[in-house]
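Paired with subunit B in one complex and with subunit C in the other, subunit A is shared by the two complexes that follow.
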Partner chain A sequence: MFTELNSILNASPESLTPGEFILLSDRQSDASFLIHHFLSFYLKARCKVCFVALVQSFSHYNAVSQRLGISLTQAKEKGQLTFLEGLKESLSVLIPQEENAENQAMSFLRDPAAGLRSLYEFIQSSVVESNGSGEQWGPPVLLMDDVSVLLSLGVHVGAVLDFSHYCRATVCSQLQGNVVMLVRRDGEAEEDDEGSEQLMRGLTHQSCLTLHVQGLPTGYCRDIHGQVELCWKKRQSDGQHTPKKVFQFKVHDKGLSFFARGTSSAVL
Partner chain B sequence: MAAPVSSVDKTPAECSALNVTSFQKKTRSKSISIPGTRPSVQNGQLLVSSGVTSLDYLLGGGLAVGTVLLIEEDRYDSFSRMIFKYFLAEGVVCRHELFVAATQDDPDDILQELPAPILDDVAIHRPGDQPRMSCEPQDTLDAMKIAWRYQNLPKVQSALASSSRFGHYYDVSKIMEPEIRQAAKWHRFYHPEHPPLSSGTHSPKLESYSALLKSLREVIRREGFDLNAPLPKSRNILRVGLHSLGSALWGDDLCCHDNPKNVHALTSFLYGLRALLRSSLAVAVVTVPSHLIQDRALMGSITRLCDNAIALESFKGSERETNPLYKDYHGLLHVRQVPRLNCLASQLPDHKDLAFKLKRKQFTIERLHLPPDLSETVSRVGKGESAAAACASSSAKHLDF
Partner chain C sequence: MLSELLQGTDIGGFLLIQDSCTYCGRDLLKSFIEAALNREEVVHVLGFDVSEEELKDGLKSSVFQGLHFHNAFADPLGWTDNSHFTVHQFSSSGLAELLKQTAQSKPATLVIDSLSWILRHVTPTAVCHTLQQLKKGGAVKTIIGLLHEDMHSRGIVGSVCRLATSFISVAPGTKADEGLAKITRRSKSGKVMQDEQIFSIRKDLTVTVLSKPTNFGRKQSNTEEQVDPTANLTFNLRLTDSEREAKEKLALPFAFSTEKKTALLHSGPGSGKILYEPDANDDYDQEDPDDDLDV
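Moving on to the complex of A and B:
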């Protein structure tokens, strides 16, 4: 986890705000470093994490998390982390074979028009699981990387919004946990197709904190990798109402540094 | 970090046993060593050369094993096809296995057009030879008394020098000799040879793409590239070349209609391809005629499903051909995406305005810049140097008061 981002968000592993739906989005940039941040943050906070990773393999997340100080294999063995590796499970669905017993979670690939019910049921079973034996973990957390690939695979926008609503109802309201989802978009604002625009608006409406990553509006720069816009929907606990903050950042090998707009060391 | 003087008298065996210094060269690295690959400097990823050394440099050292390179074709498919052939030719020279899939031309014809490598010492592989491993046990080496620091280095390979080099140059005017080409093991998928099967499943996937994915998976499993299965003793890389995916000849109507019926056929296929490659020792190069696809958002989702993505824009036939700015080059090259694999940071290219030129012996990719303007206003910063780069490293000679 990135300590600078924690201080900006006023969050720490010891004190979590329960019942939050955090939306990460990007446009022509890559916000996956935020997923790594939240993954290590919630694992350090001793929450029970369900990670639906649809675009990268387990070893990728493991390698990055090790640099941030968390071992995903250990968390999986202890039962703290449920990891759905979408790529691996999808092969048995996309190339059907009789002898393979497939994980039902990715069966929406066979018929995307039918919706994401099987995926939701997988998530529900992993967060509601009672841990009678073993350690007691904190509130459940659902992380999704990323939601826009579901649109590319043929799932309708309405089905994705229903799915996110169900997850929010189960994890945030019922179990007082948190949900973090990543949505990726590409191209200028005018070129968006209706599907991803609708998805973005629907998810923003459901979320209470949005982090939007995009490139610099003035062009490409090697030393400043982009800017992050944070939007809070509800009033913060200490009464201050700061709805929007903008920072620029640079991603390093083991972390990243935030700075106010225009104050990068490359420029000053 | 020199060794203390007293240890020089001792034999090297005692030296290593006593561990006199902390500076010890590793005798054998744990990573697998396959000819034609090298580990990345940034994150230890296994890389293969794409066949074009300047493209390797742009993509952070080479193509990572397990990833997909998307090439958006130029209008006449001349330069993207050239890069496609470079990729396959590099596979032949490094003795990797190839998998070529095409619809427009028979894969046999594509393979017969590969450019000839410029090397004197490309060993012509005879079928009876056993492939030599590049890290062999060192137990037969005599103990060195004077040059003991070289004790633990691997033996110098005199034969098979070409397979341990990374990146070769090719002569475009000549065709690769049949002996070199026939020594390579390759698999083909020619779409007209696979008639559509009648299946009852209502899936958004096209028959052609499903058949291609299935055929690729079979090859990976059969030839031992699957990382989940126990690997054979001598490992190799499979180079997958998929030509002109998304074009109408594959049965896809992405390029024909504004609102295609099978919008998600290609994206589902790319997802399956990504899943296959992540669990095997293979690299894929996919070319897509993106200039025919009207929907930019769809092109965006196709790009996100691949790891590396470049786009070629050739000047042939456009008004830029006669523009004096571009007279030295054949086209522009845009880097759309560079992956972040196993690390937080990605190796972004320094500059985004790149142009390419196909010379007889080299495919060069250079930064586009204006020639010096020999007029009164000499202090003007050139077009190629972006403002941010100038801020970062402004040299005094550009300031002219």
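Moving on to the complex of A and C:
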């Protein structure tokens, strides 16, 4: 969890805004540091986290989270974290074996046109399941890394938007939890297409906070890794409407520093 | 024109609010709902995009009795078996049944949030057909719909707009709290009126129409001052009166008056004369070749 980002978002593990749909996106850059931030943030806030990780393995996220002070293995054992490792589960769908009971969540790989209903049902069962003898956790949180890979697996944009709508209805509205999704956009902006841009627009309409990461327009720089644009859609609770903020950032080994445009220590 | 639309003078019509990612039109939609409820109309809302709490957030609770929210947000496709209204029930018969469930004395105002959701699952022709039948049928007095124009191709957006009697396209204004509304109204006689207004919506959902957007180019030329080029110089460029007189009297070298013309064209006595005797091969033309010169 990066404390500077918390102060920019006016959030802390002790005081969460419930019912938020946060959309992360990147273009020609890598916004996965935001996924690690939100993962460790919600685990520190004692929320029940369901993480659908479609692009990296469990050990990758575990290694990065340990640098941020969270152990995913422990969280999984305690029942706080439900981790769907997409890469591993997809093998059991594509190469079915007798011993392994097929996890229905990834069954869309067989038939992408059928939609993501089974993935939604998996998520619903993991966030709604009652805590038996375990500890009481906070509101549920759904994290997805990342949504645009579903498009490359053959799922239609409409099906992904329906899926995100249902996740929002269940997690944000019914259970007052939060949803965080990452969308990767293509290099060039496509016009009027069926690809990631339309998905991005659809998810932006559904979300209340968007964080868009992109590289510097002038190219690669050693001291500034890129810029983040934050867009709030709803009015803030104090009535002020702060629509957009732009920051530049640099990712360190164990942290992140944000600064206003043009005020990097390398420049000043 | 925005205030007139809010006052509901457009009876029997279809009002369409078009928004995009850059500016959310839901606040304006809520202002229309509030205005209709304040006029004690019966309002039915088909809520696909947002939940009931989010839609009612900001509306005054005293007017809730006229508002009927049909929850199509929780389960619009029937995935859980807990569905109140699915997207496939959006047809004239399905809607007529829905409206019959609540006993009503007067025709209702139907608010659809949003048409984009429906257009993703129902063919555009069916949606347009349903809207047209609703307009003609008696159960619904006015239809107000929200459409996200960047979610559909221009053809679909155009088809739905064609059905609307008035549509408002909202975009972000120059300042943070303001929006720019482009309004088009089609009256029954076929006349089309268009207008552009800047507006802002307060927390209590009242709409303040601010002004027409100023045209930047025109504004700049009006306020441009006449700059005096002879001011602030280290040398003197100004003329005294006698100097100005002498300047105006001066005849410029290539501005021809008639005396100067004749003096130049017909050389005076004493200057060389040119005698020309044409050869046998020459083509002697009696006409003056300089006759057509306008000097």
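Note that the second predicted complex is superposed on the first by the 259 of 268 C-alpha atoms of A that agree within 3 Å, B and C clash if a C-alpha of one lies under 4 Å from a C-alpha of the other, contacts with A are read in each partner's own complex, and residues count from 1 in each chain.
Following the convention adopted for this analysis, a contact is a pair of C-beta atoms (placed from the backbone, for glycine too) under 8 Å apart; a residue touches a chain by one contact, two chains touch by 3 or more.
Because the structure is a prediction, the values reported are computed rather than measured.
Participant: Based on the shared subunit A superposition, would you classify subunit B and subunit C as clashing or fitting together?
Facilitator: These partners fit in the superposed model.
Participant: Which partner does A:Val183 reach: the first (subunit B), the second (subunit C), both, or neither?
Facilitator: neither
Participant: Which partner chains sit in contact with A:Ala105 here, subunit B, subunit C, both or neither? Use first/second/both/neither.
Facilitator: neither
Participant: Mind working out whether A:His165 is in touch with subunit B, subunit C, both or neither, as first, second, both or neither?
Facilitator: It touches subunit C, and subunit B stays clear.
Participant: Check whether A:Gln174 is in contact with subunit B, with subunit C, with both or with neither, and answer first, second, both or neither.
Facilitator: Second partner only, subunit C.
Participant: For the three-chain arrangement built by superposition, which of subunit B and subunit C touches the greater number of subunit A residues?
Facilitator: When the residues of subunit A touched by each partner are counted, B comes out ahead.
Participant: Which partner does A:Met144 reach: the first (subunit B), the second (subunit C), both, or neither?
Facilitator: Neither subunit B nor subunit C is touched by A:Met144.
Participant: Check the superposed model and tell me the shortest C-alpha distance between subunit B and subunit C, rounded to whole Å.
Facilitator: Least C-alpha distance: 19 Å.
Participant: Both subunit B and subunit C contact which residues of subunit A?
Facilitator: Residues common to the subunit A contacts of subunit C and of subunit B are 192, listed in rising order.
Participant: Which residues of subunit A touch subunit B in the complex?
Facilitator: Within the complex, subunit A contacts subunit B at residues 30, 32-33, 36, 55-57, 59-60, 63-64, 67, 87-88, 90-91, 94-95, 109-113, 148-149, 151-154, 184-187, 191-193, 196, 218-225, 251-256, 266-267.
Participant: Name, in rising order, each residue of subunit A that touches subunit C in their complex.
Facilitator: Against subunit C, the touching part of subunit A is residues 117, 120-121, 124, 158, 161-162, 165-166, 169, 173-174, 192, 198, 201-202, 204-206, 233, 235, 239, 241-243.
Participant: Provide the residue numbers of subunit C that touch subunit A in the complex, in ascending order.
Facilitator: Contacts found on subunit C: 21, 24, 49, 51, 53-54, 73-77, 79-80, 116, 120-121, 148, 150-151, 153-154, 172, 176-177, 203.
Participant: Please give the residue numbers of subunit B that touch subunit A in the complex, ascending.
Facilitator: The touching residues are 43, 201-205, 210, 213-214, 217, 263-264, 267-268, 271-272, 274-276, 278-279, 295-301, 303-305, 340-346, 348, 350, 352, 386-389, 391-392.
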